[in-house]
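Letters A, B, C and D mark the chains in the order given here, with residues in each chain numbered from 1 onward.
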Amino acid sequence: MSVFIDKDTRLIVQGITGRDGSFHAKQMMEYGTQVVAGVTPGKGGQKFEGSVPVFNTVEEAVKETGANTSVIYVPPPFAADAMMEAAAAGVQFVVCITEGVPVIDMLKVRPYVIERGARLLGPNCPGAITPGQSKVGIIPGRICTPGNVGVVSRSGTLTYEVVNHLTKAGLGQSTCVGIGGDPINGTGFIDVLQAFENDPDTKVVAMMGEIGGTDEQDAAAFIKEKMTKPVVGFIAGQTAPPGRRMGHAGAIISGSSGTAAEKIDAFKAAGMGVAQRPIDFVELVRERLS
Amino acid sequence: MSVFIDKDTRLIVQGITGRDGSFHAKQMMEYGTQVVAGVTPGKGGQKFEGSVPVFNTVEEAVKETGANTSVIYVPPPFAADAMMEAAAAGVQFVVCITEGVPVIDMLKVRPYVIERGARLLGPNCPGAITPGQSKVGIIPGRICTPGNVGVVSRSGTLTYEVVNHLTKAGLGQSTCVGIGGDPINGTGFIDVLQAFENDPDTKVVAMMGEIGGTDEQDAAAFIKEKMTKPVVGFIAGQTAPPGRRMGHAGAIISGSSGTAAEKIDAFKAAGMGVAQRPIDFVELVRERLS
Amino acid sequence: MNIHEYQAKDVLRRYGVPIPPGEVATTPDEAEAIARRVGKPVMVKAQVHVGGRGKAGGVKFCPTPEAAREKATAILGMDIKGLTVEKVLVTEAADIGTEAYVGIIVDRATKKAVFMVSAAGGIDIEEVAATTPEKIKYFPVDPRFGLLPFEAQQLGFFLYQDAKQARAAGKIMQQLYTAFVENGCSLAEINPLVVTPAGEVIAVDAKMVIDDNELERRKDLEALRDESSEAPSEVDARNANLTFIKLDGNVGCIVNGAGLAMATMDLVKFYGGEPANFLDIGGSSNPEKVVNALRIITADENVKAILFNIFGGITRTDDVANGIVTATKQNPLKVPIVIRLTGTNEEIAVKILSDNGFTALTDMDEAVKKAVQLATEGGK
Amino acid sequence: MNIHEYQAKDVLRRYGVPIPPGEVATTPDEAEAIARRVGKPVMVKAQVHVGGRGKAGGVKFCPTPEAAREKATAILGMDIKGLTVEKVLVTEAADIGTEAYVGIIVDRATKKAVFMVSAAGGIDIEEVAATTPEKIKYFPVDPRFGLLPFEAQQLGFFLYQDAKQARAAGKIMQQLYTAFVENGCSLAEINPLVVTPAGEVIAVDAKMVIDDNELERRKDLEALRDESSEAPSEVDARNANLTFIKLDGNVGCIVNGAGLAMATMDLVKFYGGEPANFLDIGGSSNPEKVVNALRIITADENVKAILFNIFGGITRTDDVANGIVTATKQNPLKVPIVIRLTGTNEEIAVKILSDNGFTALTDMDEAVKKAVQLATEGGK
């Protein structure tokens, strides 16, 4: 078991002939992900790497290959359209890696995707990986190993850092999910926490948050009320100055809400373990696994 | 029993201080309808006819009076907004009498109202009446009498003509519903037929259609497949020339679909009684009631 | 309301749709001057609100400005299906590779704006629909999101294999959709949508029908109305807020409500007569409307009897009675009149009428029978 | 991206929002001339991207053009919270009856654009939110339908009892919403929204923040950027596609990814150091970015040690290694450097670095501890 993706994931890569799309399509194929189709309008009929059929539209790709998941590597101005196209074609899990999607576009994408019953991860996220089964996105497969730790994070490389520590310590992962830090996205902490709670293979959850907003506080409330499984949390940005945007849309503190201290307090109030440093996850998770 | 409205209907009149709104509000009150509120922005705090409180917004009117139904008499450019306001405020049955609502507006009103779980009747319709209980709209109360005939029609005065015949012949009505002839409206034949099928007090249905579109054919298919109660039908426009718009948006024949002959054939194929003249309803309905 | 091809093209150009240059002319001189400005072979196209212009000789290719003058001379003033050509569009003659059809209508069945596209363009889409329906793709647009780029592109790929052409067509469809919505259309179409031998996608003919209900709030659209291309009696009726359609019979009908008006016409036929018109005085009570209705009806020399059929609901029958009295005093009738009215203020109406020498009936069948009988007698 | 009040007002005027006339001036002469054109008493308002201008003396009432010159002379060149005033807005001084607040933000919690309106305007809305939250009405807008007229009017009635004023405010809110959406804003506000003694509703101050992600496709909005009102090092970083924020410490940090960058700064602090900056080189691999990052970091004289922390995923660590080698060849470093890298192409990167005399670490904690130690030693 796992969440969102597994060995039965049949993946479409939107933007497969682009620079990022082709690089990561190969990486995902090497990892063992079933990449069943690519989409690039105008390149329909070609084969990617000699084996993966390329289509003009997601609709065709789904019809011909029975794909159930899609990952998007298209430039920001076209990303919103790509997400909606995937949802309209009946794709159940849509992962958008693209960074820099205008937030005004996302205001409409979110209800569109939800209405069509699809789950959207991202945009501006590293995707998800179920070690040993399937990788959808850009999380380096090498640093992961199968196990029982569910990982969910708002950032990319910080996730890798933590996962790397866990793997080195022999603490494998059920699924790692990067939700991205954009203000309007498809999947939030609570969605992933709920999925981990329901997943028999997840025994403990590692969660990496950031300053800005109240998503972590809301997640803490959810953990306290609804979760039986232990969760260990971390907040990046304790030294960040207030009122400044720290590199992605998520990381901004304004006023009294969204500070690291406030979020850590919420974690503690929910009875969560709190990691001070990324490496602290190792001990905190280990304690809760045994 | 009845459909859509009954003695528990608590009605808001939107546009109650206008020319048509005030006239018909009085008529409805005289008929015995519980008119619990009026809405005219800027006239909040006034009393209509010394007793009905007027509010600035439908939201307030619902909150203060527990209204569950609304009828709209506002000029065409504001009608779409009025329908959405009623649905947003939690009104369950919204009746729009206004004629001349731009069809482009209705394209958005329809999904808006449906999403909010409200039923819309109209626009450009005469409303509904459950004889002896409640009248919402402009159908003359005088010509109706309680009974077991459900009446549904795309037009206004033609409905009166038929109802008048029925009443004179002693054939009372459960509810009379005018759905209006606009291309995009809230409630169609099938919705009303389903409601009559479910209503224990309705024994037979009288249905008046018009040339144009395929609503009557679709209704005939529904009657054949889903209805146990007998339905008598009529189509206006047998002598109308093709390709011309006959006075309201509904009544246009184009190409091979939408002619009176085609609709009458569909009625016959569904085993329905077919009235050649309005007065024929009397005998056809009477046969099916006994 | 129909607008002319040249007007529809002006609208669509504002939304970015690629359309060959052209201007409208009302004289051969103008036509020649436009052709000269275009500087290439042109088409001269009759601007009338009726289909089948081409077959009627209203569309001609002109290799030179002189030819444009000559063809414009022939087409201006031509009668096409009863309408006189007052204007021609003089427009660059496009090189035509393939012809496709792209249209949007407000669809009663899906309750949405629906795209219809077909690679079999250039002819009547209804013919395609009847004979080879598989060649048409229907696509209902979600009004909350509009026509999304990927949807437009999918429609483009239905028309063209070539990605560049599919994208160009998709872009045109998005522009057409925006124009459709922003101008309150009930129909907008490009037929043919042409791919030139050079691979460009352009709109060679365009049609737009504006929803009549839009005109009240959009005076800029109302201004596009060309009354010269409509029957004068219908223009007159519209200006009096009446809906009127002239037919060939001899029983003039004045009714309130479209459904009842059609049922009345049907009943005229049922009892052996022929209706002379459809006329709906609408819902609101206004004696002036009755006066205008009588004026329009009696202008038709075929009318041998006049039938009023009024079921008063929102319409007050006393207003109608007053209108009849006023109108007949101004212009005494030369044909018999049958008045049926019932409903709101019926007693007052009956009194007004009988005080002025009219008889009022209350039964529709009786009134229709009598009107048919009078018309038949009068026609002898 | 913040834009100035005068720019936001120009945008909102295009959407029909009633705003008193005014123009921007960069010299006292211009200010006087504008005041003369306005022909009424004016306000002279410093245009800087910082709150609290008024308290800092950057907003002055001027009854005459001469006063406008005088106040402009005082305000231009003034330092407000570290920013120099380069421009002033000279605008008609409105008669103020009541002051309300109207704003829209993109809200992370509801995932919608949310209106915030309050009759308690004129001051910082965050203060109102903190002290009297019941005075603010929040209204999330359904993005599929936009702000509907009745919704806008309801918000208007929350501000004003008077129907005319409520309607006027509602109309302004619809205009503000359209401007917000069409210009890709993350925030748009009018504060105060004023009712004049004559009963007119007008916008007296306005603020807009454009989503940075919008700028790539909207060069017209990018053109509104005023680099003179930003720290030069941050302008430099942005032009190099880096996200950089200067802080006061002595450990210069170069990291890939915002989350890891913040975690690195936190770890510097944890081990007793102080980060000199936030710097995210982003996801894509490009040696040029590393060169620019080093140039920007080393321009800060406080920096006593440089810490690279790269976890290669999409970023290829060999690209980073090449960047470090290139940059340090061009401009030899004057402070020690600690390089931690792991992930994609790690072996190649380590070889490149060791071939060029650098040592690469793979453990983050170890690297941070070493950098803090070197900075502390260097700082002595």
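The rule is simple: contacts are C-beta pairs under 8 Å (C-beta built on N, C-alpha and C of every residue); 3 or more make two chains touch, one makes a residue touch a chain.
Just so it is clear, the structure is predicted and the values come from calculations on it, not from any experiment.
Asker: Of the other chains, whose C-alpha centre is the longest way from the centre of subunit B?
Answerer: Greatest centre separation from subunit B goes to chain D.
Asker: Can you give the whole-Å distance between the Cα centres of subunit A and subunit B?
Answerer: Inter-chain centre distance comes to 50 Å.
Asker: Roughly how far is subunit B from subunit C, centre to centre by C-alpha average, rounded to an integer in Å?
Answerer: About 27 Å, centre to centre.
Asker: Just give me the whole-number Å value for how far the CA centre of subunit A lies from that of subunit C.
Answerer: For subunit A versus subunit C, the centre distance works out to 55 Å.
Asker: Hunt down the residues of subunit A that sit against at least two other chains at once, touch-wise.
Answerer: 108
Asker: For subunit C, jot down the residues that touch at least 2 other chains.
Answerer: Residues 144-145.
Asker: Once you draw an edge for every pair of touching chains, what topology comes out, line, ring, star, complete or other?
Answerer: other
Asker: What's the complete list of touching chain pairs for this entry?
Answerer: Every touching chain pair, ordered by label, is A-C, A-D, B-C, B-D, C-D.
Asker: Considering the complex alone, what residue numbers of subunit B touch subunit C?
Answerer: Touch residues, subunit B against subunit C: 20, 24, 76-77, 99-104, 107-108, 110-111, 126, 138-140, 143, 153-161, 164, 181, 183-185, 208, 210-215, 218, 234, 236-241, 244, 246-251, 254-256, 260, 276-279.
Asker: Note which residues of subunit C are touching subunit D in the complex, please.
Answerer: Going by the criterion above, the answer is residues 144-145.
Asker: Which subunit C residues qualify as touching subunit B in the complex?
Answerer: Where subunit C meets subunit B, its residues are 106-109, 111-113, 126, 129-130, 142-144, 181, 184-186, 211-214, 216-217, 243, 245, 247, 255-263, 265-270, 275, 278, 280, 282-283, 311-315, 342-344, 364-365.
Asker: What residues of subunit C sit close enough to touch subunit A in their complex?
Answerer: On the subunit C side, the touching residues are 145, 148-151, 153-154, 157, 163-164, 166-167.
Asker: Which stretch or stretches of subunit A touch subunit C in the complex?
Answerer: Residues in contact with subunit C: 41-44, 56-59, 78, 81-82, 84-85, 88, 108, 112.
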